[in-house]
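Here's the structure, in structure tokens; my notes come after.
Order of writing sets the chain letters: A, B, C and D. Residues in each chain are counted from 1.
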Amino acid sequence: MDSKLITLEEAVKLVKNGDSITISGISIHRNPMAFIYALVKEGIRDLYFIDREPGFGLEVLLKYGAVRKLRIAMSTLEWFSSIPKNFRKMIENKEVELLEDTCGAFIAGIRAGAFGIPFMPVRGILGSDLVKLHEKAGTWKVIEDPFSGEKIVLVKAIIPDVAIIHVNRADEEGNAEIIGPLYEDVYKAKASKKVIITAEEIVPKSYFYGKRPTINAEYVTAVVHAPKGAEPTSMFPLYDADYERIIEFLGHF
Amino acid sequence: MDSKLITLEEAVKLVKNGDSITISGISIHRNPMAFIYALVKEGIRDLYFIDREPGFGLEVLLKYGAVRKLRIAMSTLEWFSSIPKNFRKMIENKEVELLEDTCGAFIAGIRAGAFGIPFMPVRGILGSDLVKLHEKAGTWKVIEDPFSGEKIVLVKAIIPDVAIIHVNRADEEGNAEIIGPLYEDVYKAKASKKVIITAEEIVPKSYFYGKRPTINAEYVTAVVHAPKGAEPTSMFPLYDADYERIIEFLGHF
Amino acid sequence: MKAYTIDYVIKAISTLLEDGELVYIGLNSVPALIGTFMARDLYKKKIRIIGVAEAENPVRVTLSPSTGNPFFLESSPVMITADSFDLAQKGKLDVMFLGPAQIDEETNINLSVIGDYENPKVRLPGGAATAFIFPLVKKAILWNLKHSKRSLVKRVDFVTGTAKFSNNKVFVVTNLGVLRYDRKDKKWYLDYVYPFTSYEQVKENTEFEVEKGYMIKIEINEKDLEFINSVDPYELRSALEIL
Amino acid sequence: MKAYTIDYVIKAISTLLEDGELVYIGLNSVPALIGTFMARDLYKKKIRIIGVAEAENPVRVTLSPSTGNPFFLESSPVMITADSFDLAQKGKLDVMFLGPAQIDEETNINLSVIGDYENPKVRLPGGAATAFIFPLVKKAILWNLKHSKRSLVKRVDFVTGTAKFSNNKVFVVTNLGVLRYDRKDKKWYLDYVYPFTSYEQVKENTEFEVEKGYMIKIEINEKDLEFINSVDPYELRSALEIL
């Protein structure tokens, strides 16, 4: 396979105005921040942002007006701000539209996208007002399980245009290793039409001989060398979140 | 969590006559042979054997009359015998019943079992005579995708009574590491009611600190220390298949 | 040592956990995290702790601004959230904590919006796992630090999730005490109060009916405080102090 | 150097592969494995090779009794079969090899039973991925080393899988040559023969109609044989020699 190693500047051009995107990590952990900063610098607009429990990366995208629509289960900066400021304000002001999801349904949808199947069932959920929202959006259907007759929610496959996944190590072809928490990052990579890997370290392909990469090269579009690429969010086991910089961004205190 | 480490002799007692079981590996690779030999020595009967592409382990179980029913996509010993002798003879003689599966559907069913959902769609398959067999068995249904209207096969969750998974390393709680090929072994472990891990090496729990075990302790019932436990099938990267012993068992030449 | 009100919430959470339980801790869940580790490490309850940090029963934790801190993994294997939630789908997850802004008499809870979904007065963080997991988990512990007629309401503005069609146990831990939902008579009972709260106070501050339950008083001792401070040496929990 | 008949099958397989293709190799697939590596390493076609051994495009392989040999991983990362098959579900797997006992004029293939499913005359190994993947893959290369009216039949005894409802390319490589299925006129064409086979021989040994196609002669040279022997130094393929 040829090398997919490109610069951050080249990589951001793979994301187009109006694209649906998903990113690695949660809250203040392993967000692909180097890429996100490059993206807002590029002036990207109208993104449809899809994720389970985003935090800091989403706040940056929102602050710089990059996002038009959201599909997420929760956005929080936890101790820093239970309800992130831009998230709250822009939805209340209708500058951004939100289709609220729920974790299990997001996982079902992104797994369906990853596996190449049209939908996936998920348990629970029935009785939630989210059902109406998603039925209207065409993203969920309530059916009777044809085996048991019981009602169950089907989630339509989630297939983002672009996934941006920050990893510990990658080779030039895109084989990638994530240490520690994984979240849905493998499913995100497998489900998305384009996959951009940003990596703390570029390793030779032989690093992966005999090993299972967390994400296989076959699924990857481009690789970017981005040391400290998650800062100020955390990157296990390399660095903790930079609380000072997060507070500074939020303009608290 | 308390230690789940028991002896091979104790572990085989977790499998009951009539149980449905699934095993690790394929063909002549990473079958849990030490356990299988102990199982046939125990005189186990009437097993319902569920797997994708079994080979040597199944032939041993068949030879010693341990199996009543099979659900597999293929059984082969490849170069040694394209159609394994006991497999062929016992089905032709109706000593064993076979519900033939197909890889993608097996993966869908075992994933549904692993995820705790009632069924999973799978693409392809339509037009195969396997559809009638599985509809009759109640294991598949053909429905119209409620999102697109297209016909698609749904596979009912596969939930074996017992999975026996041979691994490279495990701790006493059942956290387990498999090096190299994985096949559907994680799904098998997650889907099954009881999970028996046989391990080449027992490691302290701290071995897994900061790492993702291939199989998490939470899913595991018992752990057995079984060095060389895959022989004569292969165990990457420790030992290759023992071709002499395989030929000897088969009574060829 | 001084006890914060939230320390009583923490102690109450610890009290509700029982031997054999598998407990999941989500994001933004400071009292849940401290209370759960208190149950395991101070009160020696045989529970296993998993969560959004993807740490499988870490030997020790120190509270940081995120309850999803991956550095919990320094003393534990990884267990990913998708795997944990699959256990929930199989009915094998025992305890989940949720922090709704509104809870109503039917066990509907709201973490989405105050007001109308399309025209929210307050856009809340969102329910995260709520809709999915609330009916699946065997014991749901809801926590809310602003017990009032605006949070414990007749009817939530939006049903993010509900346990109405489930048969699980539902508790609400607040700054005033602990309510238990009784599925037989579809009523709420006050099981625990704090030294500084009373049934009357709870009744006055709850829009739906609350009956007297076990009415056990949660007390905090020096050992509790020492433990809480050992997990939260920077007193981050004080930011949640609202009384 | 002596060429086995199977070496022509191998060369034919190698000839059918094209730049840019992602190729999957299953169990018990000796000619597919050697032919595919020949295409990549001798004929420098830009293909990527994955398969049941779960090795992602290994730098080199040596044939052993199993085409699922995990030791291919000594020079490659792991790519698991479930991931590879997910690519097939997305229409992103280009080439798959299947080894049916019977192939019929409608592209139905049989790897299950000779005779009736419930009362088989011969129980075959089973279709493995066949039913699932045959209609999904962009190019299916079927191989059969016993080209006769009992293997290339009007109608298979059992439809393990079919490409009838697909729009993909289907080839059959046998010990007599290579047939191509044309979807427009629903006929089979003989595209390749060997120096020792002819259209007439194929016609005689096929139960359904075969038209003359490109009729290109597959030749084997010393370099081909050297390459084949380098991948199969123990001549394991000779066990499949059936003429």
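FYI, a residue touches a chain if its C-beta (ideal position, glycine included) is under 8 Å from a C-beta of that chain, and two chains touch if they have at least 3 such contacts.
Keep in mind that this is a model prediction, so the values were computed, not measured.
Taking the mean of C-alpha positions as each chain's centre, the chain lying farthest from the centre of chain B is C. Averaging C-alpha coordinates per chain places the centre of chain C 59 Å away from that of chain D.
Mean C-alpha positions place chain A and chain B at a centre distance of 34 Å.
For this pair, chain B with chain D, the centres built from the Cα atoms lie 27 Å apart. In whole angstrom, the spacing between the mean C-alpha positions of chain A and chain D is 40. Touching of two or more other chains is recorded for residues 73-74, 78, 80, 88-89 of chain C.
Shown for chain A are the residues that touch two or more other chains, namely 111, 115-117, 122-123, 180, 182, 210-212, 236-237. Every pair of chains in contact is given here: A-B, A-C, A-D, B-C, B-D.
Within the complex formed with chain C, the residues of chain B that make contact are 1, 114-117, 175, 190, 205, 208-213, 216-218. By the touch rule above, chain D contacts chain A in their complex via residues 22, 48, 50, 56-57, 73-80, 83-84, 86-92. Chain contact summary for the complex, chain C toward chain A: residues 27-28, 30, 52-54, 64-71, 73-74, 78, 80-82, 85, 88-89, 108, 111-112, 117, 120-136, 158-162, 164-165, 236, 239.
The touching residues of chain A, when paired with chain C in their complex, are 26-30, 52-53, 72-76, 78-80, 82-84, 87-88, 91-92, 98, 100-105, 107, 111, 122-130, 133, 180-184, 187, 234, 236-237, 240-241, 243. Taken together, the chain A residues at the contact with chain B in this complex read 108, 111, 115-123, 138, 141, 143, 145-148, 150, 152, 154, 156, 179-180, 182, 210-212, 236-237.
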